[in-house]
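The chains carry the letters A, B and C, assigned in the order they are written, with residues numbered from 1 in each.
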Amino acid sequence: MKRTITAAAATVALAGLVLTGCSGQAAPAEEEGPVTLTVSVWNYDQTPEFKALFEAFEAENPDITIEPVDILADDYAEKLTTMLSGGDTTDVLTMKNVTDYSRYANRGQLLDVTDTVNAMDTDKIAGLDPYQVDDVYYAVPYRQDFWLLYYNKGLFDAAGLDYPDHITWDEYADLAAKLTDDAANPKVYGSYQHTWRSVTQATAAAQTDGDLLSGDYGFMDDQYELFLGLQQSGSALDYATAKSQQISYRTMFETGQAAMMPMGSWYIAGIKAAIDGGTSTVDWGVAPLPQVESGEDTVTFGSPTAFAINTKSAHQAAAKKFLEFAAGEEGAKAIAAIGVVPAYGSDAVAEAFTALPTDDLSVTTFNEPKTVALEMPVSENTSDISTILDEEHDLIMVGEASVGDGIGAMDDRVTSEVLG
Amino acid sequence: MTDTKLDEETRLGAFESTVTAAMTAPEAERVVGRRPRRPRGGRRVSAARKALLYALLVVVVGLVFVPFFWMISSSLKHDNQVFQIPTQWIPTEFVWSNYVDIWTQIPLANYLKNSLFLAIVITFLQLLTGSFAAYGFAKLRFPGRDVLFVAYIATIAVPWQAYMIPQYIMMQQAGLVNTHLSIILLQAFGAFGVFLMRQYYLTIPDELCEAARIDGMSEYGIWARIILPLSKPALASLGLLTFVGVWNDYMGPFIYLTSNDLWTVQLGLRSFVGQYDAQYAMIMTGSVISVIPIVIVFLLGQKQFIQGIATTGLKG
Amino acid sequence: MAVTAPAPLATRERTKRRRRLRDIAVGWSFILPNFAGFALLTLVPMAGAFVLAFMEWDSFTPPEWVGLDNFERMLGDPTFWIALGNTAYYAIGHIPLTMAASLGLALLLNRRLRGLGFFRTAMFFPYVTSLVAVAVVWNMLFNPTAGPINQALEFFGVADPPGWTSSSAWAMPAVIITSVWRDMGYYMVLYLTGLQAIPTEYHEAAEVDGANAWQRFWNVTIPSLRPTTFFVLVMITISSFKVFDLIVVMTDGGPGRATTVLSQLIYRQGIIENRFGYSSAIALVLFVIVLAFTAAQFTLQKRKEL
């Protein structure tokens, strides 16, 4: 009896906590005069794109001051979740990926910005589709990274090989074998596939029309066989070593230990900074991601990053103004200038993107029309499935499960543990 | 089974008689008086065994220092050289500038100051409240004491992540989020210190308290004037472990401290981990710097571990 | 006894009750400063979390009472059982090895010798060295082909040395070895403190009785260390069941799920997936397990004291 009362009291207390924590407040009337807008960002000092955007925005809107709410990139989503559950009023929230976005949107923590989006030049904004939830937009992307192939021109020249211009995965494997140099110290690998599962799985999904949420993963078969073959023949650093030593892909490429590497476009700014800073001397270029068949349009994958507005924001009009700016041409030019790939695409933006090597292949790679699939589709099951795919990827790559068994385990587990 | 148990009981019996003899029997007093006094807190070691001991220690220390050596070596490299294969133990080029740049890349001095402030305040409060409560659990008898104690300890087992959000909401209601006070309140009242101090107090003979009680001393007086001075080694180790715990804590400050002015060293180090890659050389540089205060505290504190109550305590 | 006239029953009862009340008041006055802070800031939210175990909550919308659903889900969740098994495996390996290593170190270093202060400090280094460095170096030592550990094993004639962190069967032993290495200095500090509490007279008296070094260790040191050993045992047990950081940086639960432990699951389900109800339910189970162990250890210790 007594225990029930205690439990009931605790429940009431907790419910009270939670309810007061999230009691919504009506959107206040828009005030005149100077406004300070708070924006949640990660690693403000180390991530120049935010400062570039904010400064450009403030220059155009002198009555609005932006105050970054600095959160560590490492556990950004965890902190944002905690803050919002406590009723935080930060105005603009940066959505690090689409999965987190769908969570906040479904919980009603984000403001409907459909009107703002529709007023924009939506044709020119890449990566907008995934942000539409039941015909409503709760965020608008300002940045859209996609995957491409980085290669080391010096190593290609030394081996007397042509640069990897629109190649297939079979040609990629061939080149990797030819570019591998066991005698070099340290050893030069023809290719490096980073340990992330997306390197294999998202590539396969994008290029074979596979669905990563389907529970049927036969489409990954060829890609796994290819990458496993590379590591068995010594043309790629083996996964077990890379994973257990926490190998950094930047080390592999910037020190010339890997001749080719599929990686996201964010690395363009990184490698340029390394060369400018004198810590790397690699002569590099980018090419389209290798394809399954030759002669077809480039298909790759990527993940957009977006800004959203907190429902508890007290400065919604100013926040909308910021969204419009950041996702539009002016914002795009500001971040393109520092080597970040904007979601908004136009000739002026492409011109502002100066971090890219100037050779034809690199420029074509960047500007040619291409299909960019979403790295991981969004549903309520995304992160559960993601965990399973990660675990089984691990087992296949260290060689504990054959490709067939590993993919079979993915099918079974996703079907029974998540979809079932 | 039975044999071992019996065996143990006999041994225990033997031990207890030895102890009682040492504590009460006049022979023991005489024995102690007759023999040359040993150095406190340690025992005599012959030269050969001493050499062996040092040799053993050097081997163990070698093993202990390998990762630390890697940490220092990495702190003197460029970011893209840290995870090279095969591992480079000695950098090809010593990047001493890391140790200069880190102070300007992040406000490290301010972070160190914040960490130091939190560690000192929390350690002080933990020592005070912990040793006070421990006296209640170890030397006083009152109904419900043991049940309360076990429950106290078991709560240490609940991972913080499990109640992090309810706790955060409470703090938010109290308006304490984004203040150092929130971290102090969260960490100063841990059950760990109570437990550690209680266990130490158990080894201090009850006779001391009884005698003081008969002399009319209050319980508070006994705690302050008899027990506390006797528990220096325990206070030293609790202080040290608390200090290190606060210094190395990441998740607490991360969740509660939003403005950069309030950040601690661990948050500063994590700010080198980006969305897609990390500046490992800088992280290692920062780690080396952040270990230094701990080493100093340890070197100062460890002396307490070998000069406890050994001989003086019992005669009191 | 019968000589002194017994006080009237009522008075005696009253004095007894008054003394009892006084004992309680004094006892609580000692405990309260710590307990008040602890109860308010830890116990209340913890109780809240345990209530959440019977609810569904995403941290934003109001919680919904679901009874035992979360526990039912747990029974049918293969990852929970794997994590429970792994946690137990880790505890069984970690607890005895760490206790032995830290006690050994403490005995070795509990002397007044030149330079031992340095060694005592050195032993604490693994605990304060950055976890990233620990993970990297130990993974390197454990490297299946080029690592010194396997090279040594091969030298001593082990034909097929283990794959350590890249093998499901050997990843947990590798983690346990690393964790013992890392934690031994921490518990050494506690043992050193405990050794200080043993009056030298005990040893001297035993020596007079003709006990040799081993007998003195077994009959004087070990029994006198009992409160410390109890403390260390309880703390290691708790920290073993809660193990998180080291596993996250060293193997991140892999390969596959070979080293996934309960606290990782609690973290993942709660903070990452925002299923705070389910996460709390797992935490509650973990709490009950540890409570049972602690209570058992406490009772055993009490019995030995009698």
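Of note:
In the analysis below, contacts are C-beta pairs under 8 Å (C-beta built on N, C-alpha and C of every residue); 3 or more make two chains touch, one makes a residue touch a chain.
These numbers come from a predicted model, not from an experiment.
Compared on C-beta pairs in contact, A-B and B-C come out with B-C as the pair having more. The chain with its C-alpha centre at the largest distance from the centre of chain B is A. Inter-chain spacing, taken between the CA centroids of chain A and chain B, is 41 Å. For the pair chain B and chain C, the distance between C-alpha centroids works out to 14 Å.
Residue positions 14, 17-18, 78, 82, 85, 241, 245-246 of chain A each touch two or more of the other chains. For chain B, the set of residues that touch two or more other chains comprises 83, 86, 164-166, 170, 280. Residue positions of chain C touching 2 or more other chains, listed in rising order: 44, 48, 52, 59, 132, 136, 140, 271.
Per the touch definition, chain A reaches chain C in the complex via residues 7, 10-11, 13-15, 17-19, 22, 77-78, 81-82, 84-85, 103, 107-109, 240-241, 243-246, 383-384, 387, 391-392, 394-395, 398, 400-401, 417. Within the complex formed with chain A, the chain C residues making contact are 44, 47-48, 50-52, 57-63, 65, 77-79, 132, 135-136, 139-140, 142-144, 163, 165-168, 251, 253-257, 268, 271-274. Only residues 78-86, 105-106, 164-166, 168-173, 177, 251, 254-255, 258-260, 267, 270-280 of chain B touch chain A when the two sit together in their complex.
On the chain B side of its complex with chain C, the touching residues are 11-12, 14-15, 18-19, 21-23, 28, 31-32, 35, 38-43, 45, 50, 53-54, 56-57, 60-61, 63-68, 70-71, 74, 83, 86-87, 128-130, 132-133, 135-137, 140-143, 145-146, 148-159, 161-167, 170, 185-186, 188-196, 199-200, 202-204, 219, 223, 233-234, 236-237, 240-241, 244, 248, 269, 280, 283-284, 287, 291, 294-295, 298-299, 302-303, 305-311, 313-314.
Residue ranges of chain A in contact with chain B, taken from their complex: 14, 17-18, 20-21, 42-47, 69-75, 78-79, 82-83, 85-87, 96, 186-187, 237, 241, 245-251, 254-255, 257, 264, 266-267, 270, 274, 279-280.
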